[in-house]
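The same subunit A turns up in both complexes below, where it pairs with subunit B and then with subunit C.
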Partner chain A sequence: MKNTQRLPLGNRMKSYFSKPANVICVVFLVLLILMVVLPLFTLLIGSLTVNGNQEAIYIGNGAAEGDFTFHHWTELLTSKEFDYASIKFWIPLWQSTLMALLACAVAVGFGGIVAWFITRSDLPGKKYISTIFVFPYIMPSWAMAMFWENFFKNTEMNAGMGMLQSVTGICVPERIVYGLFPCAMSLGLHYAPFAYILIGGILRNMDANLEEAATVLKTSRFKILRRITLPIVMPALVSTVLLVFSSSISSFTVPFFLNKSSINSGNNFISISVQMRSLINSGFTKGQGYVLAIILMLFSIGILTLNNWFTGSRRSFTTVTGKSGQVSLVKLGKARIIVAIILLIVVTFFAIMPLFSFAMESLLEVPGDWSTFTLRYWLSTEAFEGSNKGDTIGILRSGLMWRAMGRSLLLSVIVSLVAGTFGLLIGYAVARKRNSKLATTVSDLAFLPYLIPSMSFGAVYLALSYTKGFTWLDGSFFLLILVGSIKFMPFASRTGTSAMLQLSGEIEEAAIIIGVPWFKRMTKVLFPIQKASFISGYLLPFISCMREMSLFVLLAASYTTLVTTVLQEYSRTGLTQASNAINLLIIVFVLVIQFVVNKLTGASIDKGVGGN
Partner chain B sequence: MKKVLAIILALVLVLSMAACGGKKEDEGKSSVQQAIEAAQKMSAEELEAAAKKELEENPDLTFNADSLTSGVNKALQGFEKKYEWMQGRWAYNVKKGAEYQTKLTAAQKAGSYIADFVMIQDGSFLKNAMIDTGFLLSYVPSGEGIEIAEEDQNPLVGVTFNKVFMYDNTKVGTEQLKNVWQMTGVDGVSLKGLSNVSYQSPLAEDVNQNFLIMLTGPDACEKLTGAYKSYFGKDYDPSGDDYENIGYKFVAEFIANVGHWHSSDTSEVKAINNYADEGRIIFAGLCKLKDYPYYKSEHKDSDLYYKKAITAAGWNTEVEGFDGFVYNMWTLIPDTAKLPYTSCLFIRYIHTEEGFNAGWGGILGYYSSNRLIPSVEGDPALAEWNSKCIVEDTTYLDSAYNTAAKFIMRQMSGVN
Partner chain C sequence: MPKIVLEHVCKRFDDFSAVEDLNMVIEDREFITLLGPSGCGKTTTLRMIAGLETPTEGRITIGDEVVFDSEKGINVSPAKRDIGFLFQNYALWPHMTVYQNIAFGLENLKWPKDKIRERVDEMLKMLKIEQFEKRYPSELSGGQQQRVAIARTLAPKPKVLFMDEPLSNLDAKLRLEMRTELKRLHADTDSTFVYVTHDQLEAMTLATRVCLIENGYMQQYAPPLETYSNPANLFVADFVGNPTMNFYETTGKVTGPNTAEVNFFDHPFVFTSKELLGEYSGEGFVVGIRPEFVNLEEGGLIGKIYATLPAGMETTVKLQVGDYILTSVMFGNVDYKVNDEMHFEVAGDGIILFDKKTGKNLGKGTLTI
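And now, the complex of A and B:
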């Protein structure tokens, strides 16, 4: 160490940059400052200035566009006029926090339990359960909300007859259908596969010797779970909570869709994200919207800090040592069949029924009216009402839709390759330099895009694309790739970090000793060992990118650019059957891709967990 | 650490300044302004020649039209048929309200090209962010067959829309809603209160927010006062409650009484006959009836389609108080347009009967600002709607937004 300090600067730098982890950290630090810190500062600046004439009118007192002001902060956090601050901010924040925590509990509980049964028990039907359990995550989150409403709504609340009522005659209370509880359930079920993927990936790779040693010492099953299994899956658990909480609290579509009760019913629930969207969308209150976005990010950063405390301290989460790949399954005994049946029913219900619901919605002219059954939204060669240039024909025959699907696929593949590789590299650097501040900073910065609302993130890059010198970006496919890669990198960096932290340093050290170069170590040693987890790091951005709407809606050259912008346009113009059909197609495409990846690489999201 | 922070801040400052772009200096009129002024003095034939020449001189350019309404797309198809030299030289871009406002604002701040023609709603945004900054400009067509009221000229109104209270005639009959105070849920002297109103949340739909704010304005208060007396058989006594005026009282009681907050006008109107016995009273655009596929398939070979739709989904044009809300969509040219003469020609086209009908003809709930173009058969004239509805007023919206929006939010929260 002393000798190193005496070396000239050039040599010290050469020595520093001879370590791949250092190069990765520095490169990504620069990249992430440019790509992530700038949007964040733009939000901050927006929250402290008058953003246009409408805001100036709202603020009054001679305020003018561009003026520095604290008004957005004081207005949103303290205004007592009509209880504005408490109604617009504090109450929604409290209720949304409850909703997000409940969603976390559902996701981690449901996903974690299923992951444990799949990876650590002798449950029958694993392959089927594992395959379909990820379906709800492939769907857009509002799909589960739509299914929830379609299933539970009833005539007692004048909402039309839902599936449950039509089959059983049961009318559930309104609070089951609309409000905070169904929002939390829909989000929890949507993100449960996420918990399943992250927790399951670690459980699968866990060295069974630890549990077996405890069993030999006659430790109780509960104690093994509490003292061995839970601590080992803790990084994945905290990552899951972080991701689910952040996603849930900023979810707009689900609370928007499931808030239809009358004010007096007591079920009316206006989430913080709905408030944020309405504030940002109004020219009068854009600055307040930025304040809310910043506060939501601070909330999530709090959990991120907790996450760092778990992974950054001296604890060790190494589970893959290269010394043992042994996995022994817990025998469920008589409960085996019962548990399997319950899981099969529950998982099938939440995975298959929404798809069925989509299919039905695309086949009926009038929702719920079977006499209006039609295939025209799939197969018609005649244009629908309100159509133009003949592009709104049956989606299977629509060149516009197929071209958009092709572009979406291409975009998602590129984004997943870029984001997945970035995430893997960041994971490697973070794992190798665990106590370094630089690595922690890079890791945190890589996660921040997840916390920035999609609309705001898109808006910053839109402004950039209109700036002189950058106008070549406007409407370009490259801009979509750039924004998508950054926005979806957190998925990959989280999975990459979790997987790398599990790998013992000894494995790479052995390769270094025999002179294996870094690239070869990565591709021939590290990647193959944790292939399942890394492939998840590629597949998650792919899935998210395929169904992303709000991030790209500002940046796409036109509504025909991507399949989700086509879907949104069909939905907006009332062609809900066609938009449901497209939704179904997206899910099918993702499943096909997953199948192809599985055949080519032998890995897939569910297989990574243990569906085989 | 401090150095790193300083570098980051400096970097961000430089990039932020770059992102702000340079504001256009006031050095006289832009080329687009000059083109519009010239077009204003041209005959239809001269304008056509100028537009044709403009396109021929710029073979790489496409005429880009941005709009929320697909009527523009249909009108462009008619435009292409009428002017064959436009063949394949245009593109229609669907642009949704708030998202498009973000794009327009970014383009205005950067002084960048966004489109050659823009059709948008939200009067307050238009005035404050686009007209006052000089980014969107008006070309006012004139000549034979075109008569546009002065108040609709700057900014130029393209199409006017309305939202009314609709319901399923087959279940509730046309006589269900006769006085707006019924929608507060309180029984009147001879009419019953109604609790089955379905309204899209003002948090998600700007037009609905603007309607509620406009209800607190002087015109609405006058209408509400008259209807109150008729409904309750007595004059409204402002000393009896704490509301700023009768409009605020109505808004508070209306919001509290809404039975269902729907997420999409289009889907709600489609399902109008799907609800229980008393049905729903749906506040939605009259033009949404065009998407009633069930009736269209039933009567697709008949010219009576829209009349059939009217029979199914009814509304009362004689509601005491008001029938609904009237608001505009404006047709404008960005100051950075590349094909301004083509823009003027297209604006002129959609203000002719031929052009309007190509885009919006034969559909309920669309009204041209050209007074010589009648509304579709079975739909009252715009002047009649204006007299019976609450009409969007940008000046009032701006002045009342702060207080009224907070008041609405408080009612929406259910906190008393």
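And now, the complex of A and C:
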């Protein structure tokens, strides 16, 4: 008898599937292919076929609905007629790239500096700075854009009096208020806390001995930063740049709020995502919109590959665990107080002032003029013109607003439960099956939705809901849950994976040996140990979903569906006071949730970085 | 020349103190080991001398320069103390090759390029790592990484070299090898070495003087053989030596300036010291007997064989006498049967009498009937 004879296939399968990690991997592989890869495939097909009659007319040459065509690609990328390609594609692409690069520089610069001070120096007030600093990230991304507008707008450009003008009388030029620069700034400030969380995490985990070894060898502080610290945190920096870049370039809401430049000012800024929406919304150019969506995604995937290549090289960061507990903080000396005060002021300004500005805008009939103080936009029962019955100008009296708020809340709770649990399971499977091809694929697929711009992700599912066999999805609440869960899963799966990787396999094995079943091991052993991290994995999708607009804007059945779409409707009809009020309401709500969860469980999105 | 002086050095954290009132003089070219159990404050002491940690109080002088003085507010940065530091986890920079790691310190000293090349080659050769010059640390084994770390530390020729448990991450065989090399290195470099370890054997074999620390307090600061044969107190006696010293708690009284009557296994024994006895609290003695002073198959005391542990060159024999287990070491290979009766005696002039209450060494001498 040969002892190399393998077990029969049936038994091998049985033994393979007796391990929960394998089951999870396989289930999620199938699920993610259905939810992520397949819709992307429909997007690709959409970019290569004639979508609808209007498109057929637009293309001409006897094209009919459903025909295969390269027309969308050639038209958008190469057409010289009226400079079509350069106006519709190349210039927006170039400007968006510039905007995203600038946003990266702001986010990484600002976030990185704060991270260094919090983790590596003896700065006073760390806890406060760390808590306050993440506020702008908890707010919706357009909040910073609205604040920027509220702060800088001025009467010289016919936009009402902003805070700066009303306090100092200074009128800044239009290009500082609308266009590429303010978009980049608001995105940069919004993502700075995100950079802070990533970079701070690495700095905190980095062995302080590496820097001390250089100090002893007579290296100046600046040189240590340049030659030792920066290269070692480089992988984290690159990842941060990648994520901020891909989020910024595809950001829809910020350019949407800040592209109100007057025509002929020479300050015209159309971002690629705004362009994409206008292409998709038009029946004539849907296919071209899909082309743009694909190009944006290729962009992101390209950078991700670059990132993997960069971090995977032989210089890779291996930690030999040592006495890293003995981190000696850099003494700032006399600069200590000055730096702390400057940071406190800057951080507080960007965290508190937006709230203040939204409150103020919602209370003044004429911006900047205190004599026009009114509670009308909060409490009035006057009917909101041109909309459904039951909608009032005062948002607190509007039944529609409250119902939308309730639906948003319900959606966020469901999405966070689904995405958080999926993320946790994926984290578990990936950590247990580390280095296996299957686990890596599942992990990559779970991260893919992050790289798909919200707008195109919405478009993908919109396209799907028009497809035969899936029409029951159209406008349904289930569609929103589905899209939200998939889109926000990357946060949860990353958090879950890193938390699970920190737990050694032995902890679970000890439970296996005494016969604890899998479900109980998860709920009674693994979850409690990394409770704070896992709850963060639920919190992130919740917050992201609660404040999400661009993902749902195409999919919501009507503007009354979610609180963010209500906000957009008020903004569109010119009731800035009411839209500011709703904005404030959403932000305060999200902040309160984050605060309560933090107090109850210790979980928070800046966890592991600041002020212990 | 760098003589290191510590005066009244304290390090207190919020709610506990790591080092209390430490006074110590390290002479030029000495090889000092700081020895003690985990968390006793030895690493903190080393880091304070190096300048990586700031003492709460006290004064530290290296050579002629005061590098730290809490009263005068002096605190010289580690970069200006002219020292080398070898970390427990090596702290090699993962993004630099072996060559770059070693050359980095020399670049900071603004050495010319050809000199750097020359010195790095010299170090590579000395530590037998020439072939790894172009590799990154993650591509080296633990022992190789350790050699690179030593090369990096030695390259700028520091006058004082600090080492924080540099061998603890190596396997047993390599550790022995590196121990020899470190001792050789000390002879070759004319530098002062300060070495932290929790391994008493390492401390004994390497050092010219050992400083024993417990709970932040210095217990004894003496040449290794002195700490072995004349430990200052029960802690030192217990920590140094393997197998450990026998401690027999008993009663008795001081009968003269250098004699005491001690109740030893129900017999009145006389302890005679060559020197005057220390001050006795009157609350009991602890007799400390190194295993090599317990002779078997001789004398009038009787015990039972509890276990025999042969190790080749010597054999450790555990003897049960009443409730007490006595350890004895014999040269060569013997094997006794468990539970056999055995005569034994306590011989030699290295018996230590401790005060049970204070733990202090009262005297060293003989124990006779």
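Following the convention adopted for this analysis, the second predicted complex is superposed on the first by the 402 of 612 C-alpha atoms of A that agree within 3 Å, B and C clash if a C-alpha of one lies under 4 Å from a C-alpha of the other, contacts with A are read in each partner's own complex, and residues count from 1 in each chain.
Simple rule for what comes next: a residue touches a chain if its C-beta (ideal position, glycine included) is under 8 Å from a C-beta of that chain, and two chains touch if they have at least 3 such contacts.
Keep in mind that this is a model prediction, so the values were computed, not measured.
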Once the structures are superposed on A, label A:Arg227 by its partner contacts, choosing first (subunit B), second (subunit C), both or neither. second
Using the superposition on chain A described above, determine whether A:Lys218 touches subunit B (first), subunit C (second), both, or neither. second
Check whether subunit B or subunit C contacts more residues of subunit A in the superposed model. B
Kindly classify A:Arg175 by the partners it touches after superposition: subunit B alone (first), subunit C alone (second), both, or neither? neither
Quick one: classify A:Asn209 as touching subunit B (first), subunit C (second), both or neither. second
Quick check on my understanding: which residues of subunit A belong to both its subunit B contact set and its subunit C contact set? none
Contacting residues of subunit C [partner subunit A, same complex]: 43, 47, 50, 52-54, 77-80, 83-85, 87-91, 93-95, 104-105, 108-109, 136-139, 145, 152, 156, 164, 169
Any idea which subunit A residues touch subunit B in the complex? 33-34, 37-38, 41-42, 45, 52-54, 57-58, 60, 79, 81-84, 86-88, 91, 155, 158-160, 256-257, 259-264, 266, 268, 270, 274-275, 277-278, 280-285, 365-369, 372, 384-389, 455, 459, 462-464, 466-469, 471, 474, 553-554, 558-559, 569, 571-574, 576
Seen from subunit B, its contact residues with subunit A in the complex are 8, 11-12, 15-16, 18-19, 21-22, 70, 73-74, 77, 91-94, 96-99, 101-103, 105-107, 109-110, 112, 122, 124-125, 128-129, 132-133, 195-196, 201, 203-204, 206, 209, 255-264, 266-267, 270-271, 274-276, 278, 280, 288, 290-291, 293-294, 296-297, 398-399, 401-403, 405-407, 409-415
Show me the residue ranges of subunit A that touch subunit C in the complex, using the header's touch definition. 207, 209-210, 212-220, 223, 227-228, 231-232, 234, 314-318, 320-323, 326, 328, 331
